[in-house]
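The following pair of complexes shares a single chain, chain A, combined with chain B in the former and chain C in the latter.
And now, the complex of A and B:
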């Protein structure tokens, strides 16, 4: 009873504390100065048709690097906690074969989903989406084939190589920005090109492709270690 | 019009949040949690944030649900006090 009362008291306290945030809210009629600068100068400075991408990859590039690092640490943690089965090669666990429909559908759909993921991160500077979304779509394609062919093994050497290489190249491009352009992760180390074309916006497509590969391989690693953990 | 849709979606989201907490079977809870993410991604799309909507739909309702299902598969049948 006392416990319930205390919980209620804490809830009421939070309501009183957060009420000003809700009641004082005013519909904004114009952008704040920083957003206005991004909207006005972004297309000319960076040449990216999708303004969100130019903010994420270039103006706030360091935050994106932090997000990629967070995802990497999460993957490393999952791989560390869930040990792989040692004797998985000696006596493989009997697993039920998946149905004919699932296998055929997977064979048909996996390449298409893969291609769609690549499309999303290559066109990150033109259409909504980008490296993270594309990487997740690629990971879901591999998840589908993992579900329908449970016996298949994922080549960890290739996976680790893709992940490390794309991470290192991302940083190298960021550091190149210091020497060739205005600062760390500046996209103007490559020519900006025609606005709205695939090969435009400097290094943004390159950076987003690297992020897509890195995120995709990391998520595949998480799913694989969850599927094959021995507990 | 859009406001009405968003309010309806928000009510369904709150309802499925309660379902996720109070459902007897864990599997239904996982599905209800996935529904929340799916509806949230629709709301993001209506609020003109397609980038966030894609992330939410792919990670929130796709991968997170699968990770929960894997965890559910591991936990299932272990110990006597499971509610699944």
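And now, the complex of A and C:
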């Protein structure tokens, strides 16, 4: 009874605390000054048709670097918590074979899903999407093949190599921006190209491809350690 | 106060209620995810402008006219960041739940009394 009362008290406290914040949100009629600057100058300055991408990758690129770091730490935590017990190698559980339909469907769909993921992160500066979404789509392709071929093992050397290389290259591109352009993670180290083309917006497609590979390999790492854990 | 922000606010309170009242660890994690979703809706509703479109320039939305036609791109970028971090944190929490289950064969939060006083 006391506990319920306390919970109710906490909830009422939170409602009182959050309500002023929420009731201050008025329906807007025009952009605020910062957004106005990003929308007005962004396309000419950075050459990216997707303005959200130009905010994520360049204007707030440091945030994205931090986000990638958080994802990496979470992956490391998952791998650490679910590390394989030493005696589990001796008598591996026999897993049931998946059905013919699932196996055939996987063989047909996996390359297409891969291609779709690569399309999403290569066109991150033109269409809705980008590195994170593309990486998740690629990880879903791997998840599908994990479900249909439960015995198969993922090559960890390749996975780790992709993840570390893309992370290091991301940082190198960021530092190159200091020397060749205006600042850290500036995309103008490469020519801006024609607006709205695939090869445009300077380094944004390169950075987003690296982020896509990194996010994809990290999520595959999470899925793999969850699949391997013996519980 | 817009409709989306009210829904986000309600989701935050519902998720908090779930986290405080449920005993099953998986349900607590679900409550956390509901709070996460509510916060995303709240952030998106800040930048939304009625009747305007997504900030992507193409043949239907010209560069010169973009200022008067698009919503604020910054909350969208922040929510994208928040979604990815929410995914990572949820994965980590689920792994903790797996580890706790391996230790005590139970997912009831009341069975873990080591830090209780």
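Descriptive notes on the structure:
Rule of thumb we're sticking to: the second predicted complex is superposed on the first by the 221 of 231 C-alpha atoms of A that agree within 3 Å, B and C clash if a C-alpha of one lies under 4 Å from a C-alpha of the other, contacts with A are read in each partner's own complex, and residues count from 1 in each chain.
Going forward, contacts are C-beta pairs under 8 Å (C-beta built on N, C-alpha and C of every residue); 3 or more make two chains touch, one makes a residue touch a chain.
Treat the numbers as computed from the prediction; the structure is a model and nothing was measured.
Look at A:139: by the touch rule set out above, it reaches chain B but stays clear of chain C.
Of the two partner chains, chain C is the only one that A:44 touches; chain B does not reach it.
Look at A:227: by the touch rule set out above, it reaches chain B but stays clear of chain C.
Look at A:128: by the touch rule set out above, it reaches both chain B and chain C. Which of chain B and chain C touches more residues of chain A is settled by the count: it is C. When both complexes are overlaid on chain A, the residue A:154 reaches neither chain B nor chain C. When both complexes are overlaid on chain A, the residue A:165 reaches neither chain B nor chain C. Of the two partner chains, neither chain B nor chain C is touched by A:192. Counting contacts by the rule stated earlier, residues 50, 52, 128, 130, 132, 222, 226, 229, 231 of chain A appear in both its interface with chain B and its interface with chain C.
Those residues of chain A that touch chain C in the complex are listed here as 7, 10-11, 14-15, 18-19, 22-23, 25-32, 34-36, 38-40, 43-44, 49-52, 54-56, 60, 63-64, 67, 70-71, 73-75, 77-78, 81-82, 126-128, 130, 132, 195-196, 215, 222, 226, 229, 231. Residue ranges on chain A touching chain B, taken from their complex, read 50, 52-53, 120, 128-130, 132-133, 136-137, 139-140, 143, 219, 222-223, 226-227, 229, 231.
Listed in rising order, the residues of chain C touching chain A in the complex are 1-2, 5-6, 8-9, 12-13, 16-17, 20-21, 42, 45-50, 54-58, 63, 66-67, 70, 72-74, 76-77, 80-81, 83-85, 88-89, 91-92, 95-96, 98-99, 101-102. Contact residues on chain B toward chain A in their complex (touch as defined above): 50-51, 53-55, 58-59, 62-63, 66-67, 70-71, 74.
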